[in-house]
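Shared between the two complexes below is subunit A, which has subunit B as its partner in the first and subunit C in the second.
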Partner chain A sequence: MEQKYKKVAYYPGCALEGTGHSYSRSTKELGKALGLELEEVKNWNCCGAMEVKNVDPKLQTYLSSRVMSIAANEMGYDTVMAPCNGCYHNLKKAEYDLENDPASVEVVGKLSEKAGHQTYEAGQVETIHALDWIKDSLGEEGIRARVKNSLKDLKIANYYGCMYTRPRHIFPEKDKGEGSESTSKPHYMDDLLAAAGAENVDFPLKTACCGGAHTLSDSDTSTRLVMNLIRAAEASGAEVIATECPTCHSGLEMHQIRAEKQHGEKSNVKIIYFTQLLGLALGLSPRQVGIHENVSDSMGLLKEKGLA
Partner chain B sequence: MPIHEKSLIRPEDLVEGSGEAHIIDGVDVSGHWSTFIKSRVVKDYNEDMEAEIAALPGGEFIHRCWQCGSCTNACTVNAINPDFNPRYWIYLIRTGMEEELLRDKDIIWQCVSCHKCSYTCPRDVLPEGVMKATAHWLELKGHTPKSHSTVFDEVFAEQVIKTGKIEEGRVLRRFLTRTGQPLLQGWVLTMALRMIRHFPIKLMIHMGLANFIHPRTSGWGRARAAIEEYVEEQEAEHRKALKLDQPAE
Partner chain C sequence: MRPLADIEAGIDYRERNSAEPAEAAGELLKFGEEILEHWLDAHDKAPTGEKKEGFRLLALHRQAAQGDPSFNACRETCRELAYHYNLITLDALHAESSQRLVMMVMVVRHLYLFVTGKMQTAELGEFCCASRPLRANAN
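The block that comes next holds the complex of A and B.
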């Protein structure tokens, strides 16, 4: 059988060029190490993140559609891989709306024409998350066979956040029974990290909210939500919270610091991208996967576990 | 989780009996009793409120609600503030009880868009959208000033529309300036210092230079013009639906 997702269009999005840089770096390194090719979407634009939809949801649909149009019509791809939950969510949402809502199709058609590029049509590409990318191309077996530096003894709480699973209707491929991803109890990250040898703790808040949308506009609420997550992770015995979204990741880092500075609430769990953890297991160095670029300083723990 | 429901009885309408003389609404009710609830007649229904909120993006499906309460039960913000109650607000909007809704006007914008409500709602109301539409309605009608959330959305969208991309540092600075907050609050500074300690020089230069060389999507000009025209049209429609800008009678 031909391997899935051997070569896909890569949509990093704005966060991965800024605070989420280590996610981008580790994703690319992981691709190289696994023999999966990524080609960046040419001249891409922002998907609208969590904000543009509040100004106008159809504008957000247009922004996402332009990215998919370039991948499909200018680069000839049928798969776009977006590691950021926000980008992934928005492209999925655009796909759903363009398939089901004639008013969105009309607005996207008009804007694309005026902007001077081909209009994206529903079905031209499949949008996948970095988790789907690894899970469906190599799977647990593929990871297990390549582990050089097992994550054994590393206790991990897997945190997926909101945008990866909600609302359910924009993810028609999920909840399809065995093997598929679940929207209520997602497990792709758990599966991959377990294959790399990690010990996944029983973390009850996998899909709870970190308050990312209001990280700056309502910081007290965000700090409370993040500290709920961190406390629950620590109570579950986790040493690391594994993340798969730059907004969640930097929100956790930011509010962990804010809780300490502003409320004297200290916590010790480390925040690390799942791509960084997988990379370390495959024998990449901490520098290659950008551990030094994380705000959460995990070098001590990684050394202790023989991973650095 | 049990749902805390706010009572329609207001604290100021509760009279504790003390055995002393009491005159309520001109009627002598002196005597020994525990609590008296003053009657209150609601007559200021705003019959247009539901249609107006439904005309704003996100509010489209409010009419589907059958008041099961699942949204409130699942809500992230409700768990930290019991007064944040999407089911109750949808009820007030649909029955036109504007005055009651206005009592909660300062917290409705706090919805964090986690979509737990939309996930659980059996009627596809998409309550998250209703929260956003309601928050915008309150602002457009002048009941509340623009929330920090709205200011952030605007700063963010402006930059995307202008250049096709955003640069986080720039959005942060604009947002703090526009909301009158100091640029370097203690914890922001700590974050920045830790970033400088760990970030590779190349990326720091990139982010520093971004003050002068902004990331942008090339050839974005035509998209920008089309989007600006579209957003203006939409804004005009919303104002019309809310009967704003009407010539004075």
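The block that comes next holds the complex of A and C.
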């Protein structure tokens, strides 16, 4: 039987070319190490993010649909993998809208024609997150069998953020019972990192808001939200907060620094992408997975744990 | 319904002072309800007295999220609050009760920060322009 998600279209999105570059680097390196192929969507555009969606939701639907159209109609893929929670959410939302909202179908059809590319039709591709990609292609057993450098003794709080599972109706594949992802208690990251030997702590704010949308308009609220997340992670016994969203990740890093500089509140927990942690467990070097690109300096902890 | 500043002070107090776990859990759950009441009040909605899955908190959240899907970003935070309340009150003598109480304080603080952040952005309730001078004087 052919391995699921062996080769998928890769949609990095804007954040992974900027502040989330280490997420992109570690995702690609992890794919190589696991024998999974990624081909970047050609000439991709922004998914519409929050900015476009707030101005005109149907324009966001079109922008996301264009990415899926290129993957399906120009590259021949049936799966698009988006590691960014915002992109993942927007592509899933576009898929839902195009399946259920005739007005969105009409707008997307007109804009696609004007832009000169084939109109995306609902069902042509499946959009998955990087967590689905690893979990459903290799699973815990596949990871366990490939671990060269166990994450044992590393205590991790898995932080999913609020976009990965919300709103529930755009993720019809979730909440399907045993083995599927849960929208109320997501566990894919926990499962994968546990398979790599990590000790997951009980973290009650794994889907709570990081204040990402407030970062520019109200930095103080964002800092307080992030510091509450970090303090809760530390109180749970975590040494690391594992992330799977570039907005959450950079928010945690930046506001951790801001909290120390402006409020004198120091914290020691490290912020590391789950792809970086899995890569280290598979024997990749810290540089290969882009640890040096993170703002949060985790080299001391990784050396202490024998991971660097 | 206490003013938001009093709720925040109450959360701060609970963080710094030990207490009988079940009693403190009840107080923290009440804080959660009052935070949501502020949101509803700011939207001219009368807070429901009904319960969902045994919790008024969850019924209030559902009411608050009606017509405002982005408010669902705190749905699981409310559910965690209810979960921790159950953990503590169903076995208050459990060895981890104190730790569970610490986590419950952080969960209710997150709810407070999230809701008040949204209210500030939208200039609602105690953060509306008419209330601002009063709030500034209070601070």
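As a working rule, the second predicted complex is superposed on the first by the 308 of 308 C-alpha atoms of A that agree within 3 Å, B and C clash if a C-alpha of one lies under 4 Å from a C-alpha of the other, contacts with A are read in each partner's own complex, and residues count from 1 in each chain.
Quick note on the criterion: a residue touches a chain if its C-beta (ideal position, glycine included) is under 8 Å from a C-beta of that chain, and two chains touch if they have at least 3 such contacts.
Quick caveat, the model's predicted, so the values are computed rather than measured.
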*Report clash or fit for the pair subunit B and subunit C bound to subunit A in the combined superposed model.*
clash
_Contacts of A:18 with subunit B and subunit C, given as first, second, both or neither_ = first
*Partner chain(s) touched by A:297 [first = subunit B, second = subunit C, both, neither]*: first
*May I ask you to name which of subunit B and subunit C touches more residues of subunit A?*
B
*Is A:225 in contact with subunit B, with subunit C, with both, or with neither (first, second, both, neither)?*
both
*asked:* Quick check for you: in the superposed arrangement, does A:162 touch first (subunit B), second (subunit C), both or neither?
replied: both
*Partner chain in contact with A:257 - subunit B first, subunit C second, else both or neither*: first
*asked:* Tell me the contact category for A:209 with respect to subunit B and subunit C: first, second, both or neither.
replied: both
*Considering only the touch criterion stated at the top, classify A:56 as touching first (subunit B), second (subunit C), both, or neither.*
first
*asked:* One more residue to check, A:45. First (subunit B), second (subunit C), both or neither?
replied: first
*Look at A:235 in the shared chain and tell me whether it touches subunit B only, subunit C only, both, or neither; answer first, second, both or neither.*
second
*asked:* Which segment, 19-27, 37-45 or 91-99, is the subunit C region that clashes with subunit B in the superposed model?
replied: 37-45
*asked:* Based on the A-chain superposition described above, do subunit B and subunit C contact any of the same residues on subunit A, and if so which?
replied: 162, 166-167, 208-209, 211, 214, 217-218, 221, 224-225
_Quick check: in the complex, which residue numbers of subunit A touch subunit B?_
14-15, 17-19, 21, 43-46, 48-59, 62-63, 66, 107, 110-111, 114-116, 162-163, 165-169, 183, 208-209, 211-214, 216-218, 221-222, 224-225, 253-254, 257-258, 261-262, 292-295, 297
_Interfacial residue positions of subunit A with respect to subunit C in the complex_ = 162, 166-167, 184-185, 204-205, 207-209, 211, 214, 217-218, 221, 224-225, 228-229, 231-232, 235-236
*Under the touch definition given earlier, write down the residues of subunit C that touch subunit A in their complex.*
69, 72-77, 79-80, 83-84, 99, 102-103, 106-107, 109-110, 113-114, 116-117, 120-121
*For subunit B, which residues are in contact with subunit A within the complex?*
57-58, 76-77, 80, 110, 112-116, 118-119, 124, 126, 129, 132, 136, 147-154, 156-157, 160, 164-169, 172, 175-176, 179, 186-187, 190-191, 194-195, 198-200, 203, 207, 215, 217-220, 222-223, 225-227, 229-231, 234
